[in-house]
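I have placed the structure first, in the form of structure tokens, so that the comments after it can refer back to it.
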Amino acid sequence: MRGYRLRWTELALLTFGGAIVTGGFSLLSMAQHRHLLQSDLRYPGIYVASTILLSLWMSKFATRADQLVFPVIALMAGVGILVITRLDVALGHRQLFWTVLGEVALALVLVFPRRVSTLRLYKYSWAFLGLLLIAATIVAGTDVSGSGYKRWIGFHGVYLQPVELLKILMAIFFAAYLDEKRELLASARIQIGPIRVPPFQYLAPLVVMWGLSLLLLVKQNDLGSALLFLGIFLAMIYVGTARAIYPVSGLLMFVAGVFLAFHLFSHVRTRTELWLDPWSRASGTGYQVIQGLIALGVGGVGGQGLGQGHPNFVPVVTTDFILSALGEELGLAGVACLLGLLIFLVFRGLSVAISAQDGFEKLLAAGLMATLAIQTIVIVGGTTRLMPLTGVPLPFLSYGGSSVLANFVMIGLLLKISSGITERRD
Amino acid sequence: MSVDDILLLGRVAFVVALYLFLLALALLLRRELRVRSLVQGERAPGDLLVMEPGESGLEAGERIPLLSTTSVGRDSANDIVLDDTFISAAHATVKWNGKGWVLADSGSTNGTRLNGKDVRRPVAMKPGDVVEFGQIKFKMVEL
Amino acid sequence: MNTNIRRLGAFFLLVFGIMLGGLTYWQLIDAAAIQARTDNPRLQMQALQIRRGRILDRNGTILANRTVDAQGIVHRTYTDPSLSPVIGYDSPRFGKSELEKSYDAFLTGQDVGTNWQLQVNQWEHKPVVGDDVQLTIDDRLQQQVASILPNTPSAAIVADPRTGEILAMVSKPSFDSNQVNDPTYWNNLLHDTNSPLISRPVNGFYTPGSVFKIITLGAALDSNTDSLSTSFSGDQASGPLTVDGHVYPSTINNLNDCGGRVIVPPITLEEALVCSDNITFASVGLQLGTSRFLDYAHRFGLEQPIPFDIPVSISRTGTIPDRVALAGSSFGQGSLYVTPLQMLMADEAIADGGSIPQPALVKQVTAPDGSVVKQESGGTLFSPISAAAAAGVKSAMTAVVQQGTGVLAQIPGVRMAGKTGTAETSDGGLPHAWFVCFAPTDHPKVAVVVLVEHGGEGAYVAAPLAKQIMQAALAIAH
């Protein structure tokens, strides 16, 4: 294990994915200039080289790690860079930069800490750090996007969204907390009438989470993140305890909270009304949603082709509405395949969780996958009007430095967990 | 072929390639499962359904796949590892001979029972039977 | 825990399935409806890029062309401003009119079905190429007619009475379709008291005056209430005629100057047409009766929607409440309001043996691949009177040109039939000058209607214009 072993499957898949992305860049160049501009291939070149390098790094430092996970996210990240470049060249280059940085972060996570389970020792520190980040953002954050809410933190032109880091910290904290308390949560009961509920002291984190998500919702108008956190927590507590009462009661409490917020805060009300009827507000607040839907319709089944549609008619198309751009240019066929890649990743991650021997690692792997899955569901559901629109990035595909970094770190943790399993199996 | 034709073909090829990638993943997954089952022995057409997990960490209702020869015991070298104080290091084996099932005790301390009766010598077993290793109870079920 | 993880996976798979369902709804099931929304900015862009079909005259001369600028946006140019009232305009700002509007589906290529090449073109985002529309108009004739007509409000139509094909259609004053997109120009057109935006040949309403007598005469002959040789005398011929207390004044002065001849009653019905005697026609109308008079007016096309390639106003008989109004209407006054096209159709009915051919402006529509998409339908629109009745009117109209009020329309060597009209208007100006004619009498190839608003006497103003137009038309007639 300490030797150097090339990860052939991974390398082969990365080459395949790299060829797809490079092909996409070639098509884009031809669509835009009517011939292939060689200089346009520099960026996919950098991208392919960086993924190969990371695979080589892993053949030294994570020999046994799963070989299918990284090629899948690399391909999605590549398609993301491609589509963002098509929408805004400068932004595409920045996304490439963030992706490479994300790969570096992933490489670092693979070597430090030595064991994933070390992380559980500092669980309250992670939770505290997370809460601190939120507090700092609310107090001293910056409103980069002009949304009217301070969701960024940083200085000198580099801004990060703490929410992205927070989701990893919370996943680690929940995994550690649940692994320690799950027996108690699962078994201990207090009888209230016909319903048996767990003792209230163990419900504290549930209440804290509920409060946190509502805080995010109200103070930051960030319903997406609120839903995401609640979702991660409920998924993890379900995995840990197998008791449906937790997710069900949590969801009910959240719905109650949203209902309350609907009556107390106008922006929540506006958002709900917008979801139910964007049509009568087509030139106002509903413009974005409807233009997003039109782009999807224009894409149809086969798509308009890379660089051949007009997705830039959709506002904030590079982040929240990247799905509309993908839908317009790659069509239902392309988007369905990307969703297929995402669900494959989630399933692969969950099978890592199943194989993991350690309770903390199991919960963490499941929590990380739940994060990706819920995030996808929230934004795809929002774009397609299956649920109210809340701005969260589509994992690996939307533009966003913080999001890319966080996702790569999450995959780093997953790979580390998977690498531990095979080690023990041998 | 005009640039437009190339773009149209490329457009189709791009999406097709994405699907081929997904297909490649599926094929690799299948190969991996096959390799794993080769390493672990041939899969036999039956499962053990957990009825009473004891201290094993298994869960009631969980199905444990049986191989052509499945060793049961506390030692991690066994095919089914039962981490329970009443289980011996090598506790019992379940065999599939192509037609039927045979249950044999491997000289365990706390014994193996089939439908409540102690298994001293290898005995035939059929789906629906209840098998007990120490305090852990399974039901034999068909795949 | 593993069971729970599996259940979580199954849950995610289910929800992903629902998401895919949502995408399928918008990208497949509702795709056509959502992208057809007017707030889809791509539609405006695509509309500007359609290679709009050209409009050609019957000889292939380009009348409306397309040019594509560097941004791929298509611009329309028109070569003959005299055809603006026929072709209309295609302005991104003020919309479309006339043929540009009625043939828009062809010109923008929407009519085409799906064949493989078109489908590939659409996939490859190649701009749609519209169909070419070929007109029945002969632009050489069109330009000559435009120069013959005075620059005062007037209208003329030249047609082939055998087929109903319009060879030239001029409306004055006109406008330049090339400049319509300029708001100042447009605003001036809107406020011009001479209404240049009205296509007079099909949408102008005029009292017909004596040209209407060919309809009254046709009705009388067809219903056998009178024959050409029926004799009228006394107050039945020259008046003054008193109808239910209303006195129509004597027309004896007109009869004393009929194409330079002096006619003394009793007069025949033919002579009444030749000299355009109002009193005689009032008598004929009174003999017909209101319901029969209206019936024949309708058979000739009044009060009927006229199917045509551009919108046509419905000519009106007005109400005929009593015999006084019937008498007036019979010689073309009263509350009759007709379009020049209506009078052309009456003229054609006489020329064509009692039937009116379907008027046509569009000869055929050709797809970019050369295939003919639509062809002039042809056929008969109305058959108001018998061939015998038409022949009777024809001989009387021939006499009009030979020795009556239409002598100024005579063309040496050509037998022509015609009828003058001098329509009194209620606004006090000079009367409208009309002339309808066709030639050659025996095998008519060309039918002409000329109208000069407030031009004066049809015999002196419209007939000479019709003569020039007929000469030009016969020179190129087939």
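Order of writing sets the chain letters: A, B and C. Residues in each chain are counted from 1.
What we mean here is this: contacts are C-beta pairs under 8 Å (C-beta built on N, C-alpha and C of every residue); 3 or more make two chains touch, one makes a residue touch a chain.
Treat the numbers as computed from the prediction; the structure is a model and nothing was measured.
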{"item": "Centre-most chain, if every chain is reduced to its averaged C-alpha atoms", "value": "A"}
{"item": "Most contacted chain pair (by C-beta pair count)", "value": "A-C"}
{"item": "CA centroid of chain A to CA centroid of chain C, Å", "value": "68"}
{"item": "Inter-centroid spacing, chain C versus chain B (mean Cα positions, whole Å)", "value": "88"}
{"item": "Interchain centroid distance [CA atoms averaged], chain A/chain B, Å", "value": "33"}
{"item": "Residues within chain A bordering two or more other chains", "value": "242, 302, 305, 308, 331"}
{"item": "Multi-partner residues of chain B (at least 2 other chains)", "value": "7-8, 59"}
{"item": "Where chain C touches two or more other chains, by residue", "value": "1-3, 123, 125"}
{"item": "Chain B partner contacts - residues on chain A that touch it in the complex", "value": "9, 13, 16-17, 19-20, 23-24, 26-27, 30-31, 34-35, 68, 72, 75, 79, 242, 302-303, 305-306, 308, 330-331, 333-334, 337-338, 340-341, 344"}
{"item": "Chain C residues within the chain A interface of the complex", "value": "1-9, 12-13, 15-16, 18-20, 22-28, 30-35, 37, 39-42, 45, 123, 125"}
{"item": "Interface residues, chain B side, partner chain C - complex", "value": "4-5, 7-8, 59, 61-62"}
{"item": "Contact footprint of chain A on chain B as seen in their complex", "value": "3, 6-8, 10-15, 17-22, 24-25, 28-29, 59"}
{"item": "Sites on chain C touched by chain B in the complex", "value": "1-3, 120, 123-126"}
